[in-house]
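The structures come next, written out as structure tokens.
Below, subunit A partners subunit B and then partners subunit C, in two separate complexes.
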Partner chain A sequence: MTNKAGTQTNLSMHAIIWLLLSLSITFTLYAFNLENWVPACFVVFAIWRYLIEKNNWSYPTLWLRFPLTIAGGLAVLLTYGSLFGRDASVALLAVMISMKLLETRTKRDFIVMVILSYFLTVNILLFTQAIWVFLAVLLALTGLTACLISVSHQSMQTNISTQVWKNHFKVQVKLAGKLLLQATPIMLVLFVLFPRIPGPIWGIPQDSYSGMTGLSDSMEPGNISQLSLSSKIAFRVEFKSAIPANNQLYWRGPVLWHQEGRRWQMASDRIPLPMETLQTSGSATDYTITLEPHNRNWLLMLDLPEISASTLPAEARVKHDMQVLSKEPIRTRIRYQGSSYLQYKLGAELSEHERTLALQLIEDENPKTRQLAAQWISEKKSPTAMVEAALKMFREQEFVYTLAPPRLGKEPVDDFLFNTKRGFCEHYASSFVYLMRAAGVPARIVTGYQGGEINPNGNYLIVRQSDAHAWAEVWLQDRGWVRVDPTSAVSPDRIEMGIGAALTDSDLLPLLSRQDYPMLKHLYMNWDAVNNGWNQWVLGYDQAKQLALLKKLINKDIAWEDIGLILVVSMIALMLFVSYLLLSNKGMVLNPSNRIYQQFLKKLAKAGVTKLKHEGAISFGQRAAKTLPNQASEILEISALYSSMQYAKQANSKITNIQSLNLLKQLVNNLKV
Partner chain B sequence: MAKGLNLSSDTSLKPDFKLNSPKTWFRTAIAIDSTTTLSRRHIYILPTRFGWLYGLLLIGLLTGSINYSISLGFAITFLLAGLGLIGMLHTWRNLANLKIEAKRANPVFAGEQAVFEFNVIDDSNRARYSIFAAFADKESDIQDIPALGESTFRLSLPSQKRGWLKAPRITLSTEFPVSLFHVWAYAETENQCLIYPHPSLRSQILPSADTDGATGQLSTTQGDDDFAGHLNYQFGDSPKRIDWKASSREQGMLVKQFQGEASSTLWLDFNATTGNNIELRISQLTRWLVDADAQQLKYGLRLPQHSIQPNSGAAHYHQCLTALALM
Partner chain C sequence: MKKITDAIIAKTSEVILGKQQQIKLALACILAKGHLLIEDLPGMGKTTLAHTLAQVLGLQFQRVQFTSDLLPADVLGVSVYDRNTANFKFHPGPIFTNVLLADEINRATPKTQSALLEVMEEAQVTIDAVTYTLPQPFFVIATQNPSSQIGTFALPESQLDRFLMRITINYPDAASERQLLQSNGGREQLAKLSPVIDATQLQALQSACHDIHVSDALLDYLQAILKYTRQSAQFNAGLSPRAGLSLKQCAQAWAMLDGRDHVIPEDIQSILPSVAGHRLVSNITLTGSVDNIAQLLKSVAV
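On to the complex of A and B.
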């Protein structure tokens, strides 16, 4: 059934150019996500292939291609340590496609290549789904489709002029754009109606989510400052009511209990602890969080959430220390609603077990700190006074809040408190909790985010990784767990105004977290509002959103199973409509002069003169003039004008064409038969 | 001319349509008023092997999108699925509603390639690209057709038997624009090509006019005639006999006329040929005819049913060959 080979004349140059252009876009996207040598490898083979075509070089032999292929595979294996997993397999595909360029000659080769390239291009979405990536992918797909069209356009002509040859490019890309535009309604219907199954169907390679950043389940000095360097968005929050003051915006994440050297960890799940009691006062703050995937279980909530009033994702649970966890790691963007109270009393009673955990310290470390604590105990200071004393120390001594603290020695807390005195929030929180525990005050570290940035364009709050923060909670008799943020003692600006205002060495921070460049920031806010909509409606379109949308459209509750039926019916209707538009011969495109001429023919047909199928305009005009001698001059004039317009279209200027069109219209309208 | 073609063994000809071939089950567009129109009932479509590969790509992308819950993956997958469907419609309409008009074919001798020409016309105001035409997947031609225009396709077929050779069913097909679908249609046209008999290969001497009572006669021997004067050039006169010098002096072309030629008449008679096989005898007669024309003789043709008066020139030559072809 396939058309015979042998007609591979002049397909190559157009096809090569389209293929290389589109793959260049794809590999540019991959340059951000794969090892640099992979796109470099493409550049080499692309240039090689182009030169083969241009200079009529011979194609490399199997003896060259075979070792190259083996070398490519080995290079991937060495770089990624495996040929499987997301990064490695995509890199392998990318390298193999680059090398296959050298043996892409026939129509068959090109089509297989285009299909593989479609696959490679779409795979970029495993890494990133930003709007600009989507646009770049669309561009690459258009180019690949143009390549497919250029390969499909076989012709016997071998020698065509440069003008025609260049014109083919235009025709091909126009048609590619047209095909994709016409495919858009099908895409929309399928996108909205195709039943969404919550994935995954099978296991996902370990490294699939390696690019995601977020809070970890443990904390060491340097962790959070590292995270602060990222301008990536952690989550966005829409408030139902007014947005609380910045210093109230503590977003609760992992609560760390267990100290081991410089490392702090979450309490083990194996120790059953009673749920801490929660008394709230004041009014609730309701909000909706759109959480970016971070490959961990934390669901961040405003301190402190009323769980019963919140709408959390299914199977989320709340730990005894008010930390909210999802069942599965968050790997897609999710939305949930929270209800929190800014005034509360948490954990009125402290069980013995909890007290032990909240006082746990590794023995024989940081002697100076322990000595200070022992001194406070001997002074019989109350726990509240001890907290005050510690904060006073941070406030009054020469402590500096910085993103680039010096490395700490063997006794990290001692080194920090008595020597370097320069640190980021994790240094302050951990040394504070250490000091409290040494002094016999139950304490724990809470990590999360603090503050956020209000986007005036969408009236929502953007919380970035650079807002990551660590603070402390101490348990005080009659007051329960009380939040103490030692960072605020050192740098009140951090808590009041955000990280950009707090750091003197702010150039380390990501551009958008800084306070300079207000113009840029303004632009960015607009852009983020667009992004937010994109996230909500395109990337976050899932089963729940799908059902909600359909409910809105149909005004009736529908079951998940019914979506399939709706999909089939809509697709059939759409395909019938599209087929009618594309295939019906009545849809013959008439240019304006054709249309006016058709009116003229209708008028004459009424008078009994019908144009024969293969009769030219002039000869028909002469025949009609003989039959209708009264209107002979008009008929002849119209025929001559129409005929000249048909054949002199290209030669005339646009203005001349419009003038003659108007004249034709006038003549036909004035014709009375 | 094909050498060594044995005509006697070729009396049973292969039929153009094989009844046992599934291809004959398909609907074929037939010619009405010498125009064959490929209406939508005549268009067939199937995915090519690349179409199946593309389907595999879509399935892969869809499962990937579901597994990794990539919303944008769904969008792009569906866009590519849409591209496939739209591509299918475009491939279909690239062939649909074409019109085919047969053109006259030049006669050839049996054994030579009969060349059929036909115009494929677009009247839907859409340019058609990469349209293939073929006789039973053998000979093929490929052309683009401009919007509201036409292209001439040329397909050849080896001729075997004298007489009218009807063009077999034409398969028109296309895979433009995406090569994922193969669209085809069968069309019959009114193309036919006149096949002259194959001149026998044994170069026998032309019958002599001297033999009294013989039916094949050559009245005079040629070569030693005296120049007799000029005649006006007529179509079919040999260029060798044009008097270029005289022509340049006078108006119009002049042909030299030789003494005796006018009176010498060669009769090529079917009864002069020998043998039992009619085809071989016709073949023999054709050989004489060809030789006589090559020697620019004046000859007549006498067949069992009718005869053609002696004459010379191309028109006469073709008239005689036609008579032999259709005998």
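On to the complex of A and C.
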């Protein structure tokens, strides 16, 4: 009895270990995306299950499992407020799978577990599709496949030695890897051909877009500096021609008109404003942007984009103040092309309504600032001189560019300009615009990104959230809207060389934006180049790309419905063909050992010993050994092995059979005659 | 297992000189629970072989010399009226034994022959509506002179089929013959021979024989042989399913004698002449000759 129990431990131990290993990978991935108690719950149950197996403990009774299940469901309900939606339902699945471990003992249980775990593992891709996650998922899938293999082998195994037992792990994972490799061509074909339909196939619950970062539609002191702490990538840009200088790279996002205390907002759409006129000069700069999802409508463009239907991304529109909006919030990574002019004249005329909006201020605030503006007006300074005066103030007084500005008091602009003098771009932009408006110069804030980092591997620009920026535009007679970046007056380095160079208190900045660690940076650049390829060619493989590729392949336009139909029909045909092969014996005339033996016969035939058709393997081996006495022992060994593989009772474990097959292969390959 | 069978063969060889192959075949036949027919000229040692085997296997041995006036009752036994009890009392014949040597079976009349063959098939005797079971193990070793000899009743094919194997002994080689001539003949040694195993052990060997593995690949080969005998113009009639089964059982026994736990095609090839030889009748010569079997083996691919 003890012996039997011991053997059984050996048997399901393989499967248990594979299952727990693969699920550990999966739950590690989920640790970044689900509440922490979910992976913790898995750890507890996994250890419990392992100990049950190892020490032959008894399985928990129904009286324990039932309350546990209820508690798990309740915990998910309490944490996520629902059992539905992406996060909650995946969490529920994860918790239930962890608990199911406690009642996984028969072959059938294991198969159910493995299939559930496959599902749980690929679900991680609903949360994140980064390349390393994909690789980890592949690893977990290999482990699960190995588990499936060990489950189907174990029922036939009998007592085995520790050495063999260990060896089985290797054989199982090898076989699993082989199976996955064999599946790769099918995966690739399906990836290329499976019809991409515009938009998601099924609605992913709304909560999947929480936690996306990006510019918002309003600005308050503090929210851009908050964004600057994130090294997340905002977008990547490939230029058709040379990349313009860093101080030219203003990526235009939301334009803010409306001031309300500390808060700046976009102009309301109630009264439509006329389109600002645009005169461009010089040659256009063409580029392609791969925008990360940020759950907002803006499509960032280089200042200033040319507005024509041919250069704008599909379903996008341009607001009067030259910001480009897509119809739907950007929830998947998109690629679009842009064409911009670095030299331009925007808004030659300013309508009365525009002027009112561009001068709007909340009354009775920031008296000191208003006083300064009034003083400038009384000095009869021209608007240009006023701009100069403001910039001079920033430049010459002790203004400091910092990510960690002190909190501003009740009159924020006054407090900043005359008291703290420490701020980030949004402080400078907003106080500058405030000052201009107070002095009667029409002005507005433009938010977006400034600069970017050139990746030499692939020659494209990476723009991160930490490159988020805010600047100002003032309207001057005859010159239109002119970009003025007050931050550059305080900290020219920010604009010339990027944020890493501008900040002294760099500890606050994300590691990768800092100037030191060139090795790390180099590695990171390589990695990002791989990532960029992954985004473009794998994740970015959308309907348009698919159709273009197919057009290239078959030289004909084709609709996605047709692709689907062709795919379904060819799959059915393939399945019918395979079942035909399986049902008739045609596909499998020779078994593997037979095939290898044929090679052996060929080798001997070359040496002049041909097997007669009625000769048995052993008698032929003996005859051949007599003719070729130098190889006698090898020939006899091969013959004996082959004969026993053909005629002896096969060991009940497939693994042993595979091992003898490998041995036969090796012997035949090593035979030299 | 191999040790035991090797010991049996060695012991038997002490008496039957230079006939290892025949001894092995005979032993295989016994292990496969079949009856053995030894066919050869008088004086070749048929009787000695049968007697020695019985002795070595530790079995009860009876011998009946078949003659043309032998009656079934002489073999099976007879009920005699007992005056004291006023009842018929059954006197068992020589067949109630483990090994029955039916010497020169083809000298008896068909009536007696068929009586014997029926018992061989059923392993029981029914006389006056009473059934008597024979001791186990039970098997018959029959010897027969080649049918061309005068005064014989050749066994019909249907009855030959009851014998699992037919073997011939043939003349001994010179060395063995010299050894034989130097001694006083086998019979003397036979008396001194001690058994290697007993009946129970023999039965254990017989059941172990069943467990020798026969793979699908081997059955493919076996069926190919059966198919060939049925389709080829070489033979009058093909091998019966029973013959197929016999082939399998003998091959299993042969594999066991070789110390293997599975049957290989060579086993079939070794026993085929003895198992199929008396069952196949050639179209050309109207005899089941060994040459025909060799031809058959060459024609079927392994």
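Heads up, the rule we're going with is that the second predicted complex is superposed on the first by the 536 of 673 C-alpha atoms of A that agree within 3 Å, B and C clash if a C-alpha of one lies under 4 Å from a C-alpha of the other, contacts with A are read in each partner's own complex, and residues count from 1 in each chain.
In the analysis below, a residue touches a chain if its C-beta (ideal position, glycine included) is under 8 Å from a C-beta of that chain, and two chains touch if they have at least 3 such contacts.
Because the structure is predicted, anything quoted here is derived from the model rather than measured.
In the superposition on chain A, A:24 contacts neither subunit B nor subunit C.
Number of subunit A residues touched is higher for B, counting subunit B against subunit C.
In the superposed pair of complexes, A:619 makes contact with subunit C only, with no contact to subunit B. Residue contacts after overlaying the shared chain place A:248 against neither subunit B nor subunit C. By the touch criterion defined above, A:134 reaches subunit B but does not reach subunit C. Contacts of A:360 after superposition: neither subunit B nor subunit C is touched. Once the two complexes are overlaid on the shared chain, A:288 sits clear of subunit B and of subunit C alike.
Of the two partner chains, subunit C is the only one touched by A:643; subunit B is not. In the superposed pair of complexes, A:457 makes contact with neither subunit B nor subunit C.
In the superposition on chain A, A:578 contacts subunit B only, with no contact to subunit C. Shared interface residues of subunit A, touching subunit B in one complex and subunit C in the other, do not exist.
Within the complex formed with subunit B, the subunit A residues making contact are 1-4, 7, 107-108, 111-112, 115, 118-119, 122-123, 125-126, 129, 134, 137, 141, 145, 148-149, 151-156, 175, 179-180, 182-187, 190-191, 194, 196-202, 204, 208, 331-332, 538-542, 575, 578-579, 582-583, 585, 588-590.
Contact residues on subunit C toward subunit A in their complex (touch as defined above): 213, 215, 217-218, 261-266, 269, 297-302. Residues 40, 46, 48-50, 53-54, 57, 60-61, 63-64, 66-83, 85-87, 89-90, 92-93, 96-97, 124-126, 129-130, 132, 137, 140-144, 173, 175-179, 182, 184 of subunit B are the ones that touch subunit A when the two sit in their complex. Across the complex, subunit A meets subunit C through its residues 612-619, 643-644, 646-650.
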